[in-house]
Amino acid sequence: MLRRLYPHPLLTLLLFVTWMLLVNQFKIGSLVMALILATAIPLLTAPYWPNRPKLRNLPAFAAYLLLVMWDVVIANIAVARIILFMRGDQIRSAWIAVPIDLKSPEAITILAGTITMTPGTVTADMSACGRVLLIHSLHAPDPEAIVQDIKTRYEARLKRIFA
Amino acid sequence: MSHWIIAPVLIPAIMGALIVLIMRNDLLLQRVFSLAASLGLLATSVALLIATSQTVPEVYLLGDWPAPFGIVLVLDRLSALMVTLTGVLAVIVQLYAIGSGWDARGRHFHALFQFQLMGICGAFLTGDAFNLFVFFEVLLIASYGLMIHSGGKARLRAGVQYVAFNLVGSSLFLFALASIYSITGTLNIADLAEKAATLPEGDAALFRVSAVLLMLVFAIKGALVPLHFWLPGTYSNAPGPVAALFAVMTKIGAYSAIRFGVIVFPPSTPVTGSLIADLMLPAALVTLVLGALGVLGASTLSRLAAFAAVASMGTAFIAIAAFTPASISAALYYMVHSTLAGAALFLIADLVSDRRAHDGLHQALPPIAQTGLISALFMVSAIATAGMPPLSGFVGKLLVLDALRDSAALVWSVILVSSLLIILGFARAGSTLFWKAHASAPQDGPPGHPTQPLAFVAVGLLLAAIVALTVLAGPVMTWMEATTAELFDAAPYIDANRLPEGN
Amino acid sequence: MEALVASALGLLTAAGLYLMLRQRTFPVIVGLTLLSYAVNVFIFAVGRLTTNMPPIYGPDVAGYADPLPQALVLTAIVISFGMTAVIVMMALGAFLESGHDKIDMNDDDTPAEGDAK
Amino acid sequence: MILDYAIDFAFLCFGLGLAMNLYRLFNAPGVTDRILALDTMVINVLALLVLYGIETRSGINFEAALLFAMTGFVSTVAYCKFILRGDIIE
Amino acid sequence: MEQIVEYFLAALLVIGGIFAVIGSYGLLKLPQMMQRLHAPTKATTIGVGSALIASMIYFLVFEGKISWHELLITLFLFLTAPITANFIAKAQLHRAINKDELPPTGVGSEWATYDPEVKTVDPHLLSDRDPG
Amino acid sequence: MSLALIAALPFLGALLPGLMIRAGKNACALVTGSVTALALLMLGLHAPAVLRGEVVQTRIEWIPSLGLNANFFLDGLGLLFAGLILGIGLLIILYARFYLAKSDPMGQFYTYLMLFQGAMVGIVLSDNILMLLVFWELTSLSSFLLIGYWKHLPEGRQGARMALTVTGGGGLAMIAGMLILGNIAGSYDLSVILQNKELIQASDWYLPALILILLGAFTKSAQFPFHFWLPHAMAAPTPVSAYLHSATMVKAGLFLMARLWPVLAGTPEWFYIVATAGLITMVMAAKIALFKDDLKALLAFSTVSHLGLITMLLGFGTVEAATVAVFHIINHATFKAALFMSAGIVDHEAHTRDLKRLGGLRRLMPITFAIVTIASLSMAGIPPLNGFLSKELMLEEAAHTTWMANPWLIGVLATIGALFSVAYSFRFIAHAFLGPVRDDYPHTPHDPGFGLWAAPALLAGLVVLIGLFPMLTAAWLVNAAAGAVTGQDIAVKITHWHGLYAPALWMSLAAIGGGLVLMGLHPRLMALWNATPRPEAKRIFDGIVEPVARLAARLSDALHDGALTRFIAIATLTIVAAGAYAFATGTFAPGLREMTPIYAVPALGWLSLVLATLAIVIYHRNRLLTLVLVGIVGLMVSLAFAYFSAPDLALTQISVEVVSIILMLLALNFLPKTTPVESSGTRRGLDATVAVVAGIAIAVLSFALMTRDPAFAPISDFHIANSKPEGGGTNIVNVILVDFRGYDTFGEIIVLGIAALVIYALTEALLRAGPANDRLLAWRPDQRRAGDRHPMMLVVATRLILPIALMVGVFMFLRGHNLPGGGFIAGLIVAIALVMQYMASGFAWTAARQKVDYHALVASGIVIAAATGIGAWFNGMPFLTSAFGYVNIWPLEQFELATAALFDLGVFLTVLGAVMLALASLSRLGLRAGETVNVQPFDIDPSEGRSLNSEEAR
């Protein structure tokens, strides 16, 4: 029953928070409205999200987000240095294929997004079978290190979160 | 304040929505309810017409906001007349569309038809300049849909042109309205009239520009040369009943020109003076001549009808451009006449082209089914359209000529010479279509065609209306003169808006 | 800013009209879009330019921009959106019916180079 | 006040960014570069709007900023989808 | 306190501005399209993110009202930036990059962008659909 | 009243033949004849009074304000003409009954004939010149129908058109003339006009009026130089020729000249125009008649000649001449109608009217021969027949009239005319009836049945009777009619012998003698005639009309050739020129408003806009790039709105922008991706000039307006003051939209709704069998397509973004009344969110999962908005009157409920439905063009490690 009313509880939570952020005020009325919408909208959009992602470990996910945020800052600095101080012909860009073990679309997407947001890499494509990500690295003197970095720093964590 | 004033807008609007909401897949229901709505519109408009004969202009304060701050509808004799004309035409055209099966040749005919009526009635009733724009757009977008009803290459290509040209017109409308608001700070027509009359002299040039731009918008709608180019392609490619309904659309241009030309920019207003008339008359004369040449040179029956429409607008605008009570009365009579006659001609052209491989006028084709009846109907509508006696076209032409005796030499010669060209054009067309056909008559008679009695009833009703307009020309003119008198005495119209003192 | 806005308006109008004078439906539609930008900005601008005075009630505000032109522009935007949608669709329909997207009907009807087969 | 200088500086930076986007837009080797330039432009414009909000002490345009982000995203995806597939809604 | 916040905000704005310039500059400077893609997706998100956070804090501290919309915008940008980059990259792959220039997937299937065209469904099967 | 009835009877009678024809031809003719007889009878009842000199009047008001009234009067002239029209009409009806072939539609014929008869009676009875004009033009119309009666004959069609053009054109000139006349006299009533001779002849407008009216009269009566149409009208069946072209219609012109004789005649202008035209016509037509082999052509030109004679007499302007004219009208009607009918009989029997192929008929057709002989001799002016009497009088008048100080010119020419007249009359008798009987007739001709010859015989009898006893049979009528024409008491003396000193005697003798000589010389003269080149009327007429028609066609087709680009260029230049003229002719004081300062960043925005716009112009051939650039323009415009204090506009602009671009991208998928170079450099230069001129105009206008303050306090002051207290909202713009000017918004959402309906209906039309559908079915993408239709990253992100965007939509909707937002923006945001879902997972997949009926959404939105407005009625308030109040529901805080919000909900639903319906329609085209449908939200299944593409394609 509750499962049918809240097909995506995390989404419900997210929406609840979003509404409170939108209205910018903490009042009973807003809470009621937030509850109504946070219940109704996931129900309405559930057909477009048929399977509930198996997000097992919420604290780990929060930690992951913090990690990524830190990496984003670092990434920015790294990219900034490349842009500012490296001559065009010194930059060694490379295409890298990263095989992945993740199965859930949500997890893969998060990984791909993470790769894009972090040091010098952009997720460009995916193999037609969904098992390999195509990454473009801005400056990759050692491509294999990047693959390892991705797999250990992010994919391993995501595997735990989405087990 | 009577709620009936807004009925001509709401009846079709709500019926249009209901057709889409609950009967969009049932043509029979659509026909019944849409016709009922049109009849309701007609009944309401007649009631309003009768009411206006006895009262001064009446306003309807939408949202209960006082003029000029909210939007008002103004019911006066002129708006009631135009709404009634629309109602009459609507019922007849709809009968024809049902009878000829046109409404079944594409989707949403009746819904679009109702929305078109809503737009037209809204434009006639509004007392607000910007609201006039909105309802122009309502009627235009519905007309786009009706124009391309049932599709086809030529119709779609002409439709794109129609839309594109009108979008230029709509842009112009907005440029004009924005300028007017920028100068006067108001949009209510009565308020505009008051403010235009007391405008500081330093604003004159800019106000004149806005006035001209606005009148040019109406000239586009009214197919005044050289802004008429959209009309021939549109009318000749539109489905017959749609072209017939469009007969009233050009009149919206003329109506608006009268409304603004008499109330807001009359020659007595110092900043505008005779500006409007000075520009309108030459354009109207050329319009008539080009229309007449078009009738004479038309290669198809529908193009002939389209150019006849252009010519009729030329005549109407010639009368309007004088801006005297007599000329406006004549123009009003002529507009009513040419709406009915133009619509009849388009319907008959549709009867012909529906029974003929094509409606070209250069090739003789074998006689069509029901040729006798159709040729008689054509004859009558040709007489009316060409302004031959004894029908209303002749009366209208005489009225216009009589009202314009001050500029007789030029105006009369243009009107009369054009008449000759038009008569010649109709004679050539009719003799090719209905006489020459017999020269190549096949032995086994004309090809079969459904009888479509309802379509003929519709055409008959139009012709009957033309006859009635002729026979009752005396009382009708008395009514028109009272209408014009009401229009020229702007005070009651302005008073009806109950504008605040010195706003 | 008035001069900048006026010149931008003029440019939008000119560019829109220039494209409307092209021979294919697509540039004509783009031209109409530009023209409607010009119109919308015109309505708005001739209601006079003001900065930092949105017509929304608030405590200790210096004044309000004229709200009426804004309302008019909103109406105009919506209407021109509807019109654009319709003409885009009609242009597409005319293309599908005729096999080319020429706008002038005096042009000969055979598909020209560059048209889809 | 140092904050005012900072705001001006930020204005300058984002404006400069905008100008560079503009240059790239006209001087681009391919349409993907142009889409990228446009996408960046939206971001810069959004930032300018936010800065304007701080400068005028008004939050009235934040919804506009939010909508810029949203429409910028949708239109970038639409342009790319058009390049990739022709039909953006298939 | 306010002084500290002010310096903090100023720093945020300056950093944000610098990153924004770098991002857009990268767009000009980097020689290859795929390299240029890196610049704005990262640098500007940080740039605009800083501005947004600065704005939020500013309103909280100086105007006494909390404005969460900036947070929403920031989250939205972070959410969408990878998608945008992904799409632009795919468009670039499709338009300008030969699949021989790419490493093999190593699993037998193509990169999705080069996946062969899907077999066409018989359109007549769908002709009766009336989604309107 | 009874006069009106006489005029109306034929029209009423015109309704009967069509009905009666079912009862047989006799019944049809009988009924038609009875109606005419009845009218004649009613006329006869008035005759005694009229002959006593009284004037019978009937007045019926029709359009008093115009002065167009159904006023009738009957005097001697009217009596004469009405009698001729009805009397001969009766005979024609009888004659036609037997003349028409079995296959001819007789009902139609009688209908046209009665219409014509009514029109003629109307002309001669009208006491109102506008009314007269009505009938006048009606004769042109009905004669058009009658001449073209034999639809299969091209000569009939052409003759009908020629007659209509000439007489109709003359009629139009006459309209002008009559209006002038009426304006001079101050009334359109003839009885008034006829009293105002001095006023009229003194007016500056006398000559124009005279010329215009004479144009009408001359064309109708086939006077030189408008005589050419009449012979071509002979393609009509003979009864028509006899009726229209001898007895009645062509005499309408004479009637009019006689009618207006009291006020128009007597001036030199009148004399020189009318008498000269008549004289030339008389002589010239008589000469031509001599050389015509076709019997009807001969008679036609003879008619023209005699009409010229009468015209000339009227032109003399004297009472005596006018009297003679009246007398000759009577005589000509009798003998000419008899001759036409006889010619018809000959044609009927011998199957030819060609004099060269006729001869010796006197033995085969003695009765016809007798009739023709009597009538022809009368026509030739041989005593004692009636034609002789009036001809003598005419010659007498001619002999006494001086033309340009030349006393003998008219007399000589009149004699020559009479001479030709004798010659062609004799020729008619000699070449058709005398000589040996020919053996090359297809069937042996013989006299027809009584029915066919009765009418001409009766007329021939009249010819003889009037000839023998003029004072008894005709003088009283001439007196009455001429009295009416001249306004004087006339007591005419008609005798056969005027004495030896009367010049007419010698002129007459000369004519008869000369005529006989001409007859003798005829074969040689004929050869000469045939050898002489001469202008052919038909060729000249066609030479005028056809080029005019062709020119009209060419001009009109060249102007209206569907070149939209030219139309727009012309419209643009017109608008700019009119605006410039308006500006230049008015006073302009530059504005004094303080300008807003320019800062760097907004200037940068301006630069972006300008550069993007220029780039669109430069790169417009690359269509995708164009759309990208349009996106920038939209962004900058939106930014400008935000900067200049219009947050609602910024929100709306940017949302509309993206939806429009998506629509265009959807369409562009099918369209060519580039615009070819098609116009020359010159053309582009001209286009650019037009565009720049308009651009400058708009820039100047906007600058002038922006830099001045409004002349009056704007009405928006009221909105600002009352938005919260009266409208219940703090966002003034929104309160204007949903309340102060909610009616605009009501119209605006209907525009959107209609747009969606139009798009839907068009899609349906395109998907029907036809070229468009064929093209869609055969459509192949014109660009290489990437794999992976639904990239996973977007799909997954959308799962999050869609709910958030929906929430933002609700938020925008709810706060709209007080802060930027509202139903419209909310609708667009939700629509954009759904579009995102469509883009991510495809239309079919998405639509299959959420059955939303967009039609219903649109319609219910409109219904809700309308119902909200109507709700006010129950409160006794006008449409759209809003109400709001504050509601307390525990545990919520007090919140506001406004009907405006309900109205805004209608807006929201319509906008959402309309956008989605439009997108859905476009997507259906894609499906028809062979788009694939995915069964999964994305193409890749990472859990199974495979592509889903191949297997779903079932």
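Per-chain residue numbering starts at 1, and chain names A, B, C, D, E and F are given in the order in which the chains are listed.
By our rule, a contact is a pair of C-beta atoms (placed from the backbone, for glycine too) under 8 Å apart; a residue touches a chain by one contact, two chains touch by 3 or more.
As the structure is a computational prediction, the values presented were derived from the model and not from experiment.
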Third chains touching both subunit C and subunit B: F
Comparison of B-F and E-F by number of C-beta pairs in contact, larger one: B-F
Chain of greatest Cα-centre distance to subunit D: F
Whole-Å separation of chain centres (CA-atom averages), subunit D against subunit E: 11
Distance between the centres, which are taken as Cα means, of subunit E and subunit C, whole angstrom: 29
Computed distance of Cα centres, subunit D from subunit A, in Å: 22
Subunit C-subunit F separation of Cα centroids, rounded to whole Å: 38
Sequence positions of subunit D contacting 2 or more other chains: 12, 18, 31, 35, 60, 63, 66, 70, 77, 79, 81, 83-84
Interface hub residues of subunit A, defined as touching at least two other chains: 18, 22, 112-113, 123, 125-126, 128-129, 131
Sequence positions of subunit F contacting 2 or more other chains: 562, 564, 568, 572, 627, 643, 647, 668, 698, 705-706, 714-716, 719, 740-741, 744, 748, 751, 754-755, 758, 760, 762, 765-766, 770-772, 782, 785-789, 791, 793-794, 797, 800, 804, 808, 819-820, 843, 855, 921-923, 931-932, 939-940, 945-947, 949
Pairs of chains, among all present, that meet the touch criterion: A-E, A-F, B-C, B-F, C-D, C-F, D-E, D-F, E-F
Residues of subunit E defined as touching subunit A within the complex: 18-19, 22, 25-26, 29-32, 34-35, 37-39, 41-43, 45-46, 65-69, 71-72, 78-79, 81-83, 85-86, 89-90, 92-93, 101-113, 115
Complex contact set, residues of subunit D against subunit C: 56, 58, 60
Residues of subunit B defined as touching subunit C within the complex: 130, 134, 137, 141, 144-145, 148, 151-154, 156-161, 163-164, 167-168, 170-171, 174-175, 177-179, 181-182, 187, 233
Residues on subunit C engaged by subunit D in the complex (per definition of touch): 52, 54, 56
Subunit F - residues contacting subunit E, complex: 760, 767, 777, 784-789, 791, 793-794, 797, 800-801, 804, 843-844, 847, 853-855, 917, 920-921, 923-924, 927-933, 939-940, 945-947, 949-950, 952-954
